[in-house]
Amino acid sequence: MTPLLEAESLGRTFGARRAVDELTFSLDPGECLALFGPNGAGKTTALRLLAGLIKPTTGTARIGATRLPDLAARSRVGLISHRSLLYDALTARENVHFSARLHGLTDATAATTRALEALRVGDRADVPVRALSRGLQQRVAIARAIVHQPDVILADEPYTGLDESGSAALTGLLQERRAAGAALIVVTHHLQEGLALATHAAILRSGRFARYERAAGLDLLRYAAEYRELVA
Amino acid sequence: MTHPGLIAASWLIARKDLAIEFRTRSAFLSALILSLLAIVIFYFAWDPTAIGAADLAPGVLWVTFTFSGLLAMHRSFGVERQDGAIEALLTAPIPREAIFLGKAFANLLFVLGVQAIALPAVAIFYNLPVGHALAPLAVVMVLAAIGLVSVGTLLGGLTANTRLGELLLPVLALPFFVPVVMPAAQVTAHLLAGRPIAEAFAWIRILLAFDLVFVYLCTLVFPLTLDD
Amino acid sequence: MTSAPAAPPVRRPDWLLLAAFAVVAAAYVRAIWFTPPDLLQGYAQKILYVHAPSAWVAFLAFGLTAAAGAFWLFLKDPRLDRFAESSAEVGVVFNTAVLVSGPLWGKPIWGAWWVWDARLTLTLFLWFLFLGYLVLRGAIADRDARARYAAVLGLLGAALIPFIHLSVYLFNTQHPLPVVANTQGIQMPPVMAKTFFFAFFAFTFLYVALVRSRYALATERDALDDSANGDD
């Protein structure tokens, strides 16, 4: 069975700088990779490669059998970036609805409502995004990213700015998507948060995996100590 | 679930841009006010005994359209940069060209909107009858607007990511506008003088050729301006 | 990558450039002392030995800049972009020479500092294109983005030139220039023609030498940037 998400010697150079260097890994449906690493390790670049935003300079990335950044592969990805990717003059509903239409959803309106309610932001849906607090904007940003029920969710520090209610909503959403067979990659600086959801854990350093293993059975404190040593 | 094709995606993006502009209205109003002010200022710089209104008007109209159009085109990509929204467009399953075509179409409506108000303004302020030439004038204005908007939107995309974007756009765009504005102004002068449009076909041909070449070229070249 | 800067290389004189200057000087010696002055225009006509070859070089330079950019888009070889940059900088200098020498000739001959004849106007627009190209390059820090945007602008500029020519030509047929500004066909006796060709050759030689020198500078600058930024 082909994995849902597959990277083979995936690499990306910017001028002389190797941001991502020969990454090889794969995720089956229902698996979640927690990606840790210091600033500048290449985590964001890796996500951008897997979202089809940029082309690799070496290697390939695939969703199912389709190569990224082809259109068919892009359609199955949902990217939660650390910028909101929203139009602040439009309402939350309009932003999410636009994303739904771009993905070709026939029931765009219903999907929009579902996504907004899942992130518990339904009651502020018709407010322009610029009038929402940072935490609520983050919720709308997440709703926008998942409205089309993507098979692959790439989340770059998704918990940033979320309060308890928002965090709970996000965790619930990610767990539900995982159960439905999606593959997730969550980039975070919070080891505990990341490991809570993850089936796999990896530490990225200078564009390469310094560690990659199954998350089950990892002791949090030991992992944290080893992580600190690795990135020191 | 089928992905939107080129036309459908372009239309979605155009509608989105128009919705944003309609919500804030600031760029359109600024462009309008700029046009009206220019029309007024040119009036005061004008010696009506030396130059007839029909001779002054084409220059005023086309200079005005050009500069207010530049306002639109600069904003076009600015709205995507603000919170990185362009990344959402780039990860969506739509052809990249749709981003260009959608924005260009929204800018076209913007420029046509300014034209629709500036032309009557000139007719009123300069006491210049334009009714006799309204239909051919409209044709010229649309053709020229298409030319301005195709190059302007593309260059707007280029300059949105640079320092001095606002200054840089006119510097880059104006040479490209000359083969549009020159024919447009010449035909406008021609029409306002009461001559039939058939005599100005050579100019119309240049406009048409420019539109065909540059709409195609800019659409083709647009994906290259994205960070890939 | 070494961390200590290497000793500065001994600067060898640029023989090609010196040779080019020598050839240009020779062309002018010939033009001024060994070529008879024009019957009608007198000594002012000798400006043409600067004006016309400069125009040829300016157009050549732009064409090569646009072509190099186009090839860069396919091949992504940084040398192509450095060449495009060098050709543009050299080209704008020659273009400026055209625009300065034109009025210097025009005033005594036509009685006007400037005429909007098709060729001179086209050269004026070429100048604007060069300037826009160089300003755009100056406004972008990232090397890859700069090469890409410059290549796109070069392509568009090349497509624009025939349209400028067409529209100015049509404009001039509808609004004919005063008779005194007739710049059509200059009949030339063989001795002047030879000087002309010599001047064209000399200027082209100078173009090649200047571009080569400028290109070397660009290569050094890029290498310097790489060693400053590339350390891991």
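When the chains are written out, they are named A, B and C in that same order, and each has its own residue count from 1.
Please note the rule applied: a residue touches a chain if its C-beta (ideal position, glycine included) is under 8 Å from a C-beta of that chain, and two chains touch if they have at least 3 such contacts.
Since the structure is predicted, the reported quantities are computational estimates derived from the model, not experimental observations.
Between A-C and A-B, more C-beta contact pairs join the chains of A-B.
Once CA atoms are averaged chain by chain and compared with the all-protein CA average, the nearest chain turns out to be B. Ranking every chain by how far its Cα centroid lies from the centroid of chain A, the top place goes to C. With centres taken as mean Cα positions, chain C sits 32 Å from chain B. Here the spacing of chain A and chain C, counted between their Cα centres, is 50 Å. The distance from the centre of chain A to the centre of chain B, with each centre set as the mean of the Cα atoms, comes to 39 Å.
Chain B has residues 227 in contact with two or more other chains.
Chain C makes touch with chain B in their complex at residues 73, 125, 128-129, 131-132, 135-136, 139-140, 145, 148-149, 151-153, 155-157, 159-160, 163-164, 166-168, 170-171, 174. Listing the residues of chain B that touch chain C in their complex gives 151, 154-155, 158-159, 161-164, 168, 171-172, 174-176, 178-179, 182-183, 186, 202-203, 206, 209-210, 213-214, 217-218, 221, 224-225, 227. The part of chain C that touches chain A in the complex is made up of residues 142-144, 226, 229-230, 232. Contacts from chain A toward chain C in the complex involve residues 14-17, 206. Of all residues in chain A, only 51-55, 71-72, 74-75, 77, 79, 81, 83-90, 94, 98-99, 101-106, 128, 144, 148 touch chain B in the complex they form.
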